[in-house]
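Before anything else, here is the set of structures, which you'll find just below.
Each of the next two complexes has chain A plus one more chain, namely chain B in the first and chain C in the second.
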Partner chain A sequence: MTAAGRISDILWRNPRLLLVLLITPPALWLGIIYLGALFALLAQSFFSIDEFSGLIRYEWTLKTYGDLLRPANFDIIRRTVVMAALVTVASAIIAFPIAYFAARYARGRWKAVFYLGIMLPLWSSYLVKVYSWKLILAKEGILSWAFETLHLTWLLEGYLAIPLVGGNSLSVSPTGTFIVFVYVWLPFMILPIQAALERVPASMVEAAGDLGATPAQTFRTVLLPLALPGVIAGSIFTFSLTLGDYIIPQIIGTSARFIGLAVYQYQGTAGNIPLAAAFAIVPIVIMGLYLWWAKRQGAFDAL
Partner chain B sequence: MSIAVSFQGVARHFGAVRAVDGVDIDIAEGEFFAMLGPSGSGKTTCLRLIAGFEQPTAGSIRLFGAEVRDLPPYRRAVNTVFQDYALFPHLNVRDNVAYGLMIAGQPRAARHRAAEEALEMVALPGYGARKPSELSGGQRQRVALARALVNKPRVLLLDEPLGALDLKLREAMQDELKSLQRRLGITFVFVTHDQGEALSMADRVAVFNEGRIVQVGAPEDIYYRPEVPFVADFVGSSNILPPALTGLPRIAAIRPEAVRLAGTGLRATVTAASFLGAATRITLDAGGTRLTALLPRGAARPEVGAAVHLDWDAADLHQMAGGA
Partner chain C sequence: MTRLTKSCSALAMLAMAAAPVAAQVTEIGPGEGQVNIIAWAGYIERGETDAAFDWVTAFEAATGCMVNVKQANTSDEMVALMNEGGFDLVTASGDASLRLIAGNRVQPINTDLIASWSTVDDRLKDAPWHTVDGVHYGTPYMWGPNVLMYNTDVFPEAPTSWNVVFEEMTLPDGQSNLGRVQAYDGPIHVADAAQYLMFHRPELGITSPYELNDDQYAAALDLLRVQRRLVSRYWHDAFIQMDDFKNEGVVASGSWPFQVNLLMGEGLPVASTIPQEGATGWADTTMMHVDSAHPNCAYMWMEHSLASNLQSDLSVWFGANPAVPAACTDGRGMQTAEGCTANGLDDFDKIRFWTTPVSACPGGDCVPYYRWVSDYIGVIGGR
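The block that comes next holds the complex of A and B.
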């Protein structure tokens, strides 16, 4: 018997050993390199920075978290959370019909077209897409041109004049940031909703109709609850990706900072690792609270 | 008696496939009506046409005299027990059963009471708080039944509801469904490919083949007086005898249990014999025609290869329309 054959025999007799051998390397990678590094970063948030020397004081303190609540920093958090929530809601609304169509009606070739259409944008560089949007949204961009051609410039200018959402042009307005966030993260919402809807048998929808539910009632009482785990899964992506992104707000939108950008700047040029770490904790806490709330609402009951 | 469901020249084509191809039926109110046929014969499509999940390509469908062609499922006074039960996994048993009442706007207390009554009717009292995933196949089937019946439909549609159950459970449910139907007096339209189920439960059976109804009648008629070879062959097993063997002008069918071994009569050779418990089945060859006979317990069992004579009562031999 060959050595390879003997090893096969040993593993066949001890399936547990095979499992241990297979799972140890990824477990080590996850445990040490991934989670270990994360906790090392998070531990930093309990240190503080000496304001005179700019050096890190390695004593346990909650002072840095106090800094987070200062108006300038708290504004960053609030702005980011509001943006992430809006992006998530908009993505869910846009994604649902697309996912529903793909799960219910697309067959064979059309299914392939659907997957290609959703995935294709993910294959091209994220930066290329963001800069393309800058051109689309710019004052001389295609969108302004379209509004002009349709004699609707007054509408666009009227919208841009609205405080909080407007600006000089779409590409330097919060609306622009919002549009690009939704565009970039939309596939991450469509795919989990589509997967969830795919698992709902057609007879379930027919049963609701059979029992007297109009299509709208069927959507509210059967389809939406059954698709909810998918919506939550998608919202985890869109919400957390928006919370952490630092590139899109730099390229599109106003100079107002987002959490990702704050982390980037504090750990880089400012050298304030503790504050950067404290900022990094914020999305983790928010996501934890969000999932806890979703579970309590029964979002995972249909899993 | 008034007509509950009426089909006139109903057809449903899917592209080139003629799933239902010109069906006429009148189902009386309070009747237990079975649609029997092999898979792809159009029986399930007919059921879906009654429920409103499919639109007819041609013809007219009436429920209690009213044309329902353009009526969506949620406006029809019929309810369905689905083949896969289609219980809502995110709702517990009580809310599943009360779903129709919830949609109809009944207050919570009233609909919970009605759901509990319906669960008692299907012998599942106190199961309201469980999730469908915690129930066995037979229990889910009962919940699906309760969910349909709680709305007091005028017609209950059942799409192979016993298909997924094991034999013992299926037989128990057959009796239960039958007595439930008698008690409630609701019209039951039952789709099945199991001839035993159709014959034992239904008042009338429609046998489907290739999108058409080939025979409608009481179970005894279907079984003993098949009008076409397809029915003779599909419902139970039948011997189909050419005129040469019977002396009759047309081909004829006879049930295996009506064939006797006798001192005189049709000459045949025994080709196989198998003991079935309650009876012995022997296979015979009569001048090139294959026959089976079911011999009762205690009858002499011939050897394979033996030459025998076959006899039967003339009344058991039934002439059919159409060719072989």
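The block that comes next holds the complex of A and C.
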């Protein structure tokens, strides 16, 4: 009997050994590369920084987490969470009809066109997209020009005059940040909703109609609950991606920091790795809470 | 895991930091083939942005040391990169250099090994931002003012005061400056506000914009909060600022001569000035990492930075002043005596150079830099 044959026999007699052999490399990979890095990050957040030399003091302390609650830092967290929530809601509202059309009506070639249309923006560089949005939204950009041509400048200016959402131009306003976030993350919302809608049998919608439900009732009591897992899956993408992004708020918006940007600046610019790590823990905690809530809502039951 | 190992080695380094300062290099051997430099944008040009400005290829040909440049946008970024390691040299400004020395990130320089040390401007040789207890931690590189850049269509005459970026007002073209001015996205900008107050509110008793007591600091922050209302977006990337002057309707901002020169080169209606309040400025030093892996190439670069066309051509390119005054006149590059005067060679005493604010200042208790960092983030966030 050859060596290979013997090994094969041993593995056949001991299926558990085979399982261990197969699962060890990916488990090590996940354990060391992913969890190890995460743990190292978590550990950093319990250190603090020497405020003059910028070197890290390796003593266990909760001081860095206390810093998170300072008004300026707490603002950053609140700002990011509100933005992520708004982006998620807007993405869901925009994505649902698109996904519905794709799942119900698009056939054959149109389906291909639809997939291409959704995926195409994902193929170009993220930075290129964001910089083009900077030009589109700029004070002397194409959108302002369009409003001017339509004699609607008053409308744009009126909107930009609203505190909290407005600014000197769309490109430097929170609205601009919002628009670009929605644009960039929309595909991640459309695709899961579409997948969920395709699994809803058409007969159920028809049955609801036969039993006298209005279209609104059908949507509320049949379609939405059945498609909810898709919406929640999409919202996990858009919400967590917005929570962590640090490029868009740097280029579009008011310069006010977001969590990702704060992590980037405290780590890369100020060398304050403990505070950056503490900031990085925030989205993890928020996402943990969100997933827990989603599970309680039964979002994962259909998976 | 690597993070963990890093933390451990950093711990070991901390333990070693208690030992005396690392010995300096005593002789220069053959080059190691490369040198890694952290530099400001536009500081190390190899003829790729503009073929006429090249002070790298000749050095590489002569020494065999290939120059790798890592561009940094702020002093904090430079300190962070140096803390991370893997670099030989950094062109550190005064608000970074002392932090690097305090953190044992840079090593003392043996000036005997740098033939052109004697040609360095006497005002810079023992400058406090790179010389501590008589020990030199680098060779002076370049210095200059933070100018006020303005749009000449809006300002037919140069603004005489920094108030155009600090207080709401009507500009010469009849419109408000709201949303049309910018400010630097770095905590050191607090010093610009303090310098403005030094001139306009003498009762505060500010003697140096980098040494502020709590009251003076609070007044500076209040001024910056007013500025927050005027500024749509702060600038930290030179090229994004240039884009904002082109497309975003920005007409005035604190800036570097670098952006002014590039925009003028593109034919945009901009110019720069130093208003009556004076200006903050930078004086940069080439400093050497304590664990430099290519010390010979690093020393060769330091000598090159003082002796070659670099000083002269860079001062033209950046609109700054050479650390070697002879570079203005001896024809080693494009700079002329008039050019140096225009860049402010004679204004050395009017410029307040970037320095890291520390709590132990000559006047007693001052607000230290880390509070500048967190408070400036707060101000930008609308606090």
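Just so we're on the same page, the second predicted complex is superposed on the first by the 274 of 303 C-alpha atoms of A that agree within 3 Å, B and C clash if a C-alpha of one lies under 4 Å from a C-alpha of the other, contacts with A are read in each partner's own complex, and residues count from 1 in each chain.
Here is the rule we go by: a residue touches a chain if its C-beta (ideal position, glycine included) is under 8 Å from a C-beta of that chain, and two chains touch if they have at least 3 such contacts.
Just so we're clear, the structure is a prediction, and the values are computed from it rather than from any experiment.
Engineer: A:201 contacts which: chain B (first), chain C (second), both, neither?
Structural biologist: First partner only, chain B.
Engineer: Return first, second, both or neither, reflecting whether A:225 touches chain B, chain C, both chains, or no partner chain.
Structural biologist: Only chain B is touched by A:225; chain C is not.
Engineer: Mind working out whether A:210 is in touch with chain B, chain C, both or neither, as first, second, both or neither?
Structural biologist: first
Engineer: Between chain B and chain C, which one contacts more residues of chain A in the superposed model?
Structural biologist: The partner making contact with more of chain A's residues is C.
Engineer: In the overlaid three-chain picture, which partner chain does A:123 touch, first (chain B) or second (chain C), both, or neither?
Structural biologist: Touch partners of A:123: none, neither chain B nor chain C.
Engineer: So chain A touches chain B in one structure and chain C in the other; where do those two contact lists coincide?
Structural biologist: In the superposed arrangement, which is not itself an observed complex, chain A uses no residue for both chain B and chain C.
Engineer: Under the definition above, what is the set of chain B residues touching chain A in their complex?
Structural biologist: Residues 51-53, 72-74, 78-80, 82-84, 86, 88-90, 99-100, 102-104, 147-148, 151.
Engineer: Note which residues of chain C are touching chain A in the complex, please.
Structural biologist: 1-4, 7, 10-11, 14, 74, 76-77, 79-80, 83, 99, 102-103, 178-180, 185, 231-234, 240, 243, 246-249, 356, 358, 368-370, 373-375, 377-378, 380-383
Engineer: Of all residues in chain A, which touch chain C in the complex?
Structural biologist: Residues 32-33, 36-37, 40-41, 43-44, 49, 51-56, 58, 67, 70-73, 75-76, 79, 134-135, 138-141, 167-169, 171-173, 251, 253-257, 262, 265, 267-272 of chain A touch chain C in their complex.
Engineer: Which of the residues in chain A end up touching chain B in this complex?
Structural biologist: It is residues 201, 203-204, 206-214, 217, 221-222, 225-226, 298, 301-302 of chain A that touch chain B.
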